[in-house]
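Heads up, the next two complexes both have chain A, just with different partners, chain B and then chain C.
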Partner chain A sequence: MKGSMLKNGCRAAGVMLIAGWMAAPLCLSGCSTTAGTEATGKTTWNQEGAPELSKNVIFNNSSLAGNIEIVDMKSFMAGNMMMAQVSIHSRNRDTVPIQYKFAWFDVQGMEIGANAGAWKPYLVYGRETRTIQGVAPDPRAREFKLKIREPDAADN
Partner chain B sequence: MKKHMIRGILLTLSAAALTLTGCATVPNVQYGDAGSAKPITTEFGSSDLQQIAESMVDSLLTFPPMVELTTQRRPVLSVDKVKNKTMQHIDTESVTDSVRTKLIRSGKFRFIDRTTDEAAVDEIKIQQESGLVNQKTAVNFGQQIGAEFLLTANFSEIRQKAGGVTDVYYKFTMNLKNLKTGILEWSDEKEIRKVFKRSTFGG
Partner chain C sequence: MKRILLLLLCVTLTACSQHKSFVFLDQTAVDQTTGLIWAKHANLPGKQLNWRGDDNVYAFVEKLNKENYAGYADWRVPTRDEMEALIAHAKSLGYDPAKFDTWPYQKLRQIGFQDVRDYDYWTATRKSAEELWIADLAGGQVVPKSDAKPYYLWPVRGGRR
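Take a look at the complex of A and B:
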């Protein structure tokens, strides 16, 4: 039997964030109220015109930060659709169940299909490195955010 | 004095009883997250539908021959009914609807919808025959574009039960068939496993 306060605490402690440098100030303010982890990667172009992915990771959930480490983030253009890949490594010896969701942003930073995505369950086995992939819903996407949370946070 | 006290206590008790019964009957309804991934049973659920739809769309959109095909033009697709081989009654059209919606939203594919043909025929008939519509703007029969590809799907489950454990494995396979050549241009499957363990206490 969990008390409602405990439940709220769990929910608050549920989300992970990784954020790109452009979105970092926004993300930081967001993270302060949403404990967990979020990650953002943003495609920019260098002086030679080659695409570069700037990335940033913010952990706000000590339990998740202890268990899950973001080891790599990549983006790739399949035609004109942005694909994102985030590699996560489990520091835990046991299996860690997580849930993840991608959010996509256009070049102006507007979210595409805001709040439309569904959380996906994912199992990370002990000491294992796994990749999470996502594809943008349409060709406008230039920036992604991966949110990771513990299943306990999903109480509804 | 004593009488007053007893009456007071009785009143308080009855008020408390009323309040308590009142609380117990108030329904606890809340809005939930439509994207929640919390499984309630091993039956096919909303999260399974969302996972299948998203996985199929992601795969089709990034399959290299499809990327090449859709860079120049937006092919026209038609969706076939899903062959539901599971033991459950599932609204499989809802799965294909989600897939179709996402594919249309991607801007890469166009679709024809055979389920609304009857209404379309009625509308064209009215335009042609009622005399109400300016014939310069009226739609003629035989102008629609034929689908180039057919999206077909199979849905199956394997259910195993031992003691207090129920293990359900779902497999959703989707194919894209070229109607002219009969060749399957793309295919992918999504597997989902759900395990239910009866708890030792209160099971």
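Take a look at the complex of A and C:
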């Protein structure tokens, strides 16, 4: 009786181990996001009807998060095109090489020209604050996302 | 005799307080009772505007002020009280719900305002996070309505906010 319980227990543990091993890559791929930093700015309208920029920053890379800090985000309309400006600050005393690209979204949150932009190389010198600017490719843009990653990350 | 004079004075004062007098200029109408200056054209955008979103009420008023419309740069959305007073004035000119030509928008047209619409107008007075007081110039009610729908805009300036 004891032996059969032990046998069943081992079998169940084995099945769980195999299931866990098979599910791990799925979970990892499902949970992973862009390895780097994403700074999002979205146009919203306050109670007086005045446009405002709601801001959000997500760090998915701890080493980049340790080196780079998003210190300011602005957007404004140049004619009928949305312009975005993001100021980044290096916490590192050495030069930090990064790559960045902008993604643009319309008022419904649909991406405009998905994956159209190329990653651009950029150097942030030690303790320096630099400004990255981008102009929307389309007048429908009301939201932007600045993606920042380390240069050795795989191309998206 | 004194009593008769006093009575006459009272009647005159009552009549004056009920009937605002507007002075109509090229692009504006001055309410001599309150000092408010209304746009003479009651539908300057030519369409209903949204409160939030592109080309909204805020953007239109900002544009008017940038362009110095009629020589002023402080146009704004009227308050609930200002709209109610305007409607009360229109009704004081003879209102009969059964007769279309006595409805507020018609009366306001008759005294000299242009393109007053028989529909809802924005006020700047908020009732809740989702509602503003909206003035219906057809029926003459000012009631809270959703700020997610488009209404007409009648800009005003001056007076006391």
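Here is the rule we go by: the second predicted complex is superposed on the first by the 120 of 156 C-alpha atoms of A that agree within 3 Å, B and C clash if a C-alpha of one lies under 4 Å from a C-alpha of the other, contacts with A are read in each partner's own complex, and residues count from 1 in each chain.
Basically, a contact is a pair of C-beta atoms (placed from the backbone, for glycine too) under 8 Å apart; a residue touches a chain by one contact, two chains touch by 3 or more.
Keep in mind that this is a model prediction, so the values were computed, not measured.
Annotation: superposed three-chain arrangement on chain A; chain B versus chain C shows no clash, the two fitting side by side.
Once the two complexes are laid over each other on the shared chain, residue contacts for A:48 go to chain C alone; chain B is not touched.
Using the contact criterion defined above for the overlaid structures, shared-chain residue A:107 touches chain C, although it does not reach chain B. Which of chain B and chain C touches more residues of chain A is settled by the count: it is B. Of the two partner chains placed around the shared chain by superposition, chain B is the only one that A:135 touches, whereas chain C remains out of contact.
When the two complexes are laid on top of each other via chain A, the two nearest Cα atoms from chain B and chain C are 14 angstrom apart.
On the chain B side of its complex with chain A, the touching residues are 30, 32-39, 47, 50-51, 54, 57-58, 61-62, 64, 67-68, 70-71, 102, 105-108. If you check the complex, the residues on chain A that touch chain B are 78-81, 83, 99, 101, 113, 115-121, 133-135, 137-139, 151, 154-156. Those residues of chain A that touch chain C in the shared complex are 44-45, 47-51, 107, 142. Those residues of chain C that touch chain A in the shared complex are 51-54, 56-59, 126, 129.
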